[in-house]
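The following pair of complexes shares a single chain, chain A, combined with chain B in the former and chain C in the latter.
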Partner chain A sequence: MRPGAVIAGCGWKLGRPFPDRLDVVIRQAVLAALAESGLSIDDIDSFVTVAGDTLDGISVPGRAEVAGNYGRRYLNVPSSAGHGLGAAVTQIEAGEAKNLILVGWGAATKYGAFDPRRNQADPFYARPIGASPRVVAALQANEILDMPGMEKSALQSYADAMAQRAWDGTVAPEAGAAPAWVRTGFCDGAVAIVLRRASDGKPGVAVSDFASISRAYSPEDDRLDTAEWVKEALSAMSGRGYTDGTEFTVIEAAAPTPIAEARALSALGFASDTDQGKFNPSGGGATAHFGQATALRQIAETSRRLAAGSKSSSRRPSKGLVLDLTGPAGQHTTAIMLQAETVQ
Partner chain B sequence: MTGIPGRPLAHVLGTAQVPMRTRLPDYTYADLLGRVAYKAIADAEVEARDVDGLILAMSPTTPLGLDEPQYWGIAGLPGAHRFLGRVHILAASSLAAFRLACSYVASGRKKRVLVVAADLADEVPSLTGALGQLHDPFTDKQVVRNAIVSAATQMAVYMARHKLSERIMAEVVVKNRGNGVLNEYAQLRQAITLDDVLNSPVMTWPMKRLDSSPRSSGAAAILVGDEPVQPSRTAVTATGFGSYAGGRFVGSRMVPEDSAYFDGSDLAEAANRAYATAGISDPAEQIGLAEVYASFGILELLSIEALRLNNGGNAAELIRDGRFHRNSALPVNPSGGATCGSPISSTGLIRVIEAVTQLRGEAGDRQIDVKTPRAAVSAIAGAFQTHEVGILEA
Partner chain C sequence: MFRHSAGRLGSYYLTAIRTQKRLCGWQTVSPSRLSVPPRDFGTKGEWTDIGPGAELLSFAPSEWVADSGEAVLRDFVLGRVLVDGAEVPLFVLVKLNGADGKRGLRLSVRFAKGHTGTGVDFWFEPVSASASEGAQS
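Up next is the complex of A and B:
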């Protein structure tokens, strides 16, 4: 039986844009996570960063040190928060790391004004084809709109509600030509999560399972249905079949657009008119999106909710599910199951 | 420390690479990935459907001219539906990705993980220029320093510290270029002399053009798994890894309290972690060959010493005296190393592949006499900043 990994502490910050420099905010997030974990930086033996190519302007060794990593093991897994979490948990399970900081960030507010990611490529010619992430999202929205329950009015309500939650009602949804449900709400973000080996008996939120599934830029089946990807990821978790979501007390999703996110949640029974706060209490990732690391906030927020719930009840462990859909269409999908370890 | 002492992390099941060239005009990036990916699983004699994890090593994307290859480059690769992420730590990317693949196997989460990497260095007019755009996040300015200047500084200090001539410093590249003659995958396959090196153009004193690696395109893939699948083939196992993230500022590592930039002590820390896991106490005796990342000759000298393969003495003079040559007790870079070809993302995997091939006795014309069936591999990212060391055993 491999030793599991436990989330011991989290810290995060969002901004539109950050009032401070990115490196300052990253350090604040790391220090907040350490404080919550009860560990010191001297207890940490490994770092994993989720730091993309175009969102910070920081060199790779700089990324390690900005996060506080000097002299420790290091991995940078920029492709998604789910991949970063997988790398972190796997190292703990393999016995390579004991206490690890997973930290990701992105200064994506600038994408709201100008998104330079025009280099989406044709895999056969490896040349840009002029398709920006926005074009990909529009193609996906077109497909999803034909699906049951994906009415435009409900999606508009969903997008508005998520933006209000993500920004505590203080930030108005961005104005723009495209409907809110197909727009990405870019922001700046930094999230740090302290993970430790589960075998030391201290309370925490266990990463009880996770699984990633992926499609390349052009899915072989021509489908861009995030609900199908979520079902596949859930089925890929160790020895588990597809779940309808009833076993979870909280479910969070982070996708590039509200429509992709709502469709992903529909795989677990979500309908915007019956949402009682179980789905996306954080506001999700589409309206507070800072690149590939975005879902780290959903992981952190879910962990904190589960930890708070375990303190208030000693009878029933709470389970949470985080769905990370990263990429122009969310085609790198990771399902992460979290479970509070009950305080006796 | 990486891994649980005494427990193999993962078995190397299959490997593949393509000949390194300045340009590979007949391939797209996706073509290259597919070519080595399917060659690797064919080498292992497993089916594509048996691969349950895929990791892409890609760094940086600047030479490729296209961003975020994890969204399009993995199309159709074995294990693509179970993609585990892209690893991006500059020239340490693929050795770190190999480490992560072994972690997935050691954790029991995956049975067979494929690691792929490819580089097309001909998509930008000046690779040196592109890689020279180092950025300081605090001053928010470009740093007037690139990899060549950084390595030349190390070289000058090494020469002064050991009172060495430029001629002795050239011995390491002459050794490696001689090894590269026998390597069908090497980009530079002509032997050179000390005079050739000394007479080549000075890039930044004392660094000459022939002290440096060429601009390279290439690709490599390795399949790792939880158990060997070819009973008749020599099994090679990853038994330990060490990783060490050094400081960002070169200047901060040039002071008496921290001279890691000049003495390789950060790489030594990574090596110590790998040795602890693999149960190695006397690396000069317990290691039979090494493939170290050295895009400049000076990096090999510092790596030999940091890995404690030298038993005292400076590596430059030891190489002059015949140590670490292909017919010695402990050959270093029998492939010719990165000075015979250095595709940045793939170079770590290429180091592993050479070590595995030699340990199996499958290196053909370039086969060395492996006296101790254990190899060390290493990679360095950035300006001698982030370090990876791995141990492989037959």
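Up next is the complex of A and C:
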């Protein structure tokens, strides 16, 4: 178990799209996270943002200032939420920061009409042949469909259930387009998480372990199997080895599509007909996807559920797991283990 | 218009396709791998001809990506194939020509008459279809 960082507060908002400017929503998320943590902005000594040029152009530094980074240690991680969390936790464990805010955002609703992320594909081999993230995700979906337990009707039920949880509604099939379980459910999102050093004795949710694995844009694996990538990430956690998921009370995942997400969860025992709300109570990331920072919401949701559980009946530590699968096929996979510290 | 260098290995690979209608992979000892497109690990290696046959691993169904805005996918599907002699899969254009795109379907390489110096200069087709059509190969 890592010694270091505790999640002290979270704030987030989703929209399709946001009615307010993204800057305003980012600030609201930061203020909500600070309020929950009991800390003020003056207590914060470092900012880490998860944002990239694909979604935000040259606005990343400006929005970071709106979020409150001005005059503080600052790092932008133009990568996945899991990588951002790793950078933030490492700053705290290294003693570089005591109280830190991790913020991520994306205005991706517009990608529902047209997904322009072709620039992620390399310019010589992938981009000219149409291997954009959207098309690679479809290719992967067709491949996963041949794997055990991946029935179309069950996948439609999964996509509908996740949308109901995230949006209080169902995913409507669109004539002539890919089924809901192949499509990314784009939205706008902003999430802020306050992290602090674990040794100050206050209750919180500990980031007890995390590990990332990754693949190139064109993975060399025989199959684009998210379940295998999840097993690899779990095995990379401090050498603890693969876990089947039974030790966790809640497991959240964010992948590019519902089928990739369901397959990732299957590595931990998920089957759509046995889900009792342990898997993706937030609705997951595929049906509420705002880009690379998406899984910050899964981290925040899991943290809040664990914190609520520790304040109620159980005195036993409650464990949660977040799976962040970013990239066209989810090949940048991070597993994050969270553990509630029981209130005495 | 952007112009990039494809690098030492990438330039050789793309030039061989464009000028010689030849598909080749880069064989290295450390790591021990035949990569296509070539990956430059900064170690010694040698070029090895691969193909013309290949095995289909998967593809993106046209009806799922019709609204993706990828013009090249009006005539092709995006596939993932394992070229004979290669050790890692390759994203590549595939013309299924009505064949059932099952994993393991045997394919053969086809080269375009024109050339662009990119991945659209070649594609794969089911073996029976490529044997009966007149495209340059």
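Throughout what follows, the second predicted complex is superposed on the first by the 319 of 344 C-alpha atoms of A that agree within 3 Å, B and C clash if a C-alpha of one lies under 4 Å from a C-alpha of the other, contacts with A are read in each partner's own complex, and residues count from 1 in each chain.
Everything below uses one rule, namely that contacts are C-beta pairs under 8 Å (C-beta built on N, C-alpha and C of every residue); 3 or more make two chains touch, one makes a residue touch a chain.
Because the structure is a prediction, the values reported are computed rather than measured.
Just checking: does A:Phe114 make contact with chain B only, chain C only, both, or neither of them? Give me first, second, both or neither.
Only chain C is touched by A:Phe114; chain B is not.
Looking at A:Asp146 after the superposition, I want to know if it touches chain B, chain C, both of them or none. Which is it: first, second, both, neither?
Only chain C is touched by A:Asp146; chain B is not.
Who does A:Glu220 touch here: chain B (first), chain C (second), both, or neither?
A:Glu220 contacts both chain B and chain C.
So in the superposed three-chain picture, is A:Ala178 touching just chain B, just chain C, both, or none of them (first/second/both/neither)?
It touches chain C, and chain B stays clear.
A:Ala288 contacts which: chain B (first), chain C (second), both, neither?
The answer is neither, since A:Ala288 touches no partner chain.
Please determine whether it is chain B or chain C that touches the greater number of chain A residues.
Between chain B and chain C, B touches the greater number of residues in chain A.
Overlap the chain B and chain C contact sets on chain A and report the shared residues.
Residues 123-126, 128, 218, 220 of chain A touch both chain B and chain C.
Where on chain B does chain A make contact in their complex?
Residue list for chain B touching chain A: 1-4, 7, 9, 28-31, 56, 59-61, 65-76, 80-90, 96, 99-100, 102-104, 106-109, 120, 134-138, 140, 241-248, 266, 269, 273, 381-383, 385-386.
Tell me, which parts of chain A touch chain B in their complex?
2, 21-23, 46-47, 52-54, 56-62, 64-66, 69-80, 83-84, 86-87, 90-91, 93-96, 117, 119-128, 212-218, 220, 232, 236, 238, 327-328, 331-332
With touch defined as at the start, can you tell me which chain A residues reach chain C in the complex?
It comes out as residues 114-115, 123-126, 128-132, 134-136, 138-143, 146, 176-179, 182, 218-224.
For the complex, give me every residue of chain C touching chain A.
2, 4, 6, 10, 14, 35, 37, 57-61, 63-73, 76, 78-80, 88-93, 103, 116, 118-120
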